[in-house]
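The letters A, B, C and D name the chains in turn, as written, and every chain counts its residues from 1.
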Amino acid sequence: MSTPFRTSRMVEFSDTDMAGIMHFSAFFRFMEGAEHRFLRSLGFSVFSEFGSEIITFPRVAASCEYHSPARCEQELDIDVTVRRVGTKSVTYGFAFSHQGRDVATGQMTSVCCRVRHGEAPVSIPIPDEFGNKLREQVIS
Amino acid sequence: MSTPFRTSRMVEFSDTDMAGIMHFSAFFRFMEGAEHRFLRSLGFSVFSEFGSEIITFPRVAASCEYHSPARCEQELDIDVTVRRVGTKSVTYGFAFSHQGRDVATGQMTSVCCRVRHGEAPVSIPIPDEFGNKLREQVIS
Amino acid sequence: MSTPFRTSRMVEFSDTDMAGIMHFSAFFRFMEGAEHRFLRSLGFSVFSEFGSEIITFPRVAASCEYHSPARCEQELDIDVTVRRVGTKSVTYGFAFSHQGRDVATGQMTSVCCRVRHGEAPVSIPIPDEFGNKLREQVIS
Amino acid sequence: MSTPFRTSRMVEFSDTDMAGIMHFSAFFRFMEGAEHRFLRSLGFSVFSEFGSEIITFPRVAASCEYHSPARCEQELDIDVTVRRVGTKSVTYGFAFSHQGRDVATGQMTSVCCRVRHGEAPVSIPIPDEFGNKLREQVIS
């Protein structure tokens, strides 16, 4: 596959802080939202509940570099790429831009986990159906 | 009982918006935090997990009136009062102030519920031990 | 005018809490987002900056009643109505539903204000052009 | 200086998500809050307003690695260290733990900026008084 998955999202008033720009932590919510839209575009949900058990992808690492400010009511383009798919983990890259201006780049690594409430998440191999579809999306 | 439960909390940078003041939605998080500190002061937790089941208090109503702005790094005093304890619900009042200046007042009504994941919460009578302790706190 | 302004928004993972449903405070962010989309549909912005001065609409009151839970990845319909337009304030009503199921109703009253940073917001009459357009939207 | 600055903070209900643990983006708000407490311990504020101008420290980079889950009502210890102080930027390290259990580690790099509303932040050299005090805190 040669092009990233592109989605977009408007910066809302509640995403801003008193410096007049989008708060740096809001970029992580935007990354997660973009990741989930990407997963839905592949036919997957962000989690699957089986009775009291949830299969989900908690993050083991997240990072962001900020290049220029994002302001209220600006529509950000977010390009999602799959960087690496391991046995249990997947790493995504994110590029934020506004009308072609570079705003930020980010990365998240998530691990496939079975979560039972009140217990620590247990990492498990990514189910084949899901892992194979993700591997097709890796941009090389 | 004649005095409300008082707690305090500093307005953080991430609580502000581009108007330079604490975002109106942040008051609801502050109310919830104050409610939970109040419950802990009575020896209760905000929720109790029994296997996959949680006893918790989702809100059926929440409101806030804003009287003057709260700014970053201001320490807000929050007075919590128990207004009414019904069979299944409890109503709290909140008064926010900063160094004696009235900032906001709020109210929340919560219903005692059993939550199983993937199912709708089911309202249940407030357990006696808990309800009786709350009733002692009602300010008349 | 006879029909409310309708917008929709998906509940995201970051909007949920450990009870497995959308956190009650997130409804207020959703209301604000819907209000701003409504204002943009009328040709207005959520704020106007003139040098260091901002004309904006801080809330004087906000409330919400919760009727049934909203869950992750559910698309909520949000109907916005203008309930009342005063000289300096405007009151909006909000109705949240999911596939016809009633989820929540809310209300917000905002006051037109001039904000200079570091100073308290000062209420001012709603500019005519804006106030008149809002009055046309009142559903009677 | 040989010991990091330690602060602590309780995980609140509103910090959790439907997986039953603290949401990964909340760690960034916690880092910022800890950074600001650290700055206040040195006699500095998170920002300084001069008329319509703000001196503040927007982030150019932020990252976090998650080692074990943080749950509602757990009191997290947060150790703040100054890793590097440049002419215009400062890099902090953060270590989150709960009763000695490693929860997460993070890093943030902030750049000293003058912010005028409606304009892009302009980076400026860290004022000497502030920079020198920060340099004394670098753990070598």
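Here is the rule we go by: a residue touches a chain if its C-beta (ideal position, glycine included) is under 8 Å from a C-beta of that chain, and two chains touch if they have at least 3 such contacts.
From a predicted model like this one, the values you see are computed outputs, not experimental measurements.
Between C-D and A-D, more C-beta contact pairs are found at A-D. Comparing the CA-atom centres of all chains against that of chain A, the greatest distance is found for B.
Separation between the centroids of chain A and chain C, computed from CA atoms only, is 27 Å.
Between the CA-based centres of chain C and chain D the separation comes to 32 Å, rounded to the whole angstrom.
Centre-to-centre spacing of chain A and chain D amounts to 23 Å, using the average Cα coordinate of each chain. Among the residues of chain A, those in touch with two or more other chains are 13-14, 18-21, 25, 29, 32, 47, 54, 72, 117-118. Across the complex, chain D meets chain C through its residues 13-14, 16-21, 23, 25, 49, 51-52, 54, 72, 116-118. Here chain B touches chain C in the complex through residues 18-21, 24-25, 28-29, 32, 47, 54, 56, 58-66, 68-69, 115, 117-118, 120-121, going by the rule given at the top.
Against chain D, the residues of chain B that register as touching in their complex are 12-14, 29, 32-33, 36, 40, 45-47, 72-73, 117.
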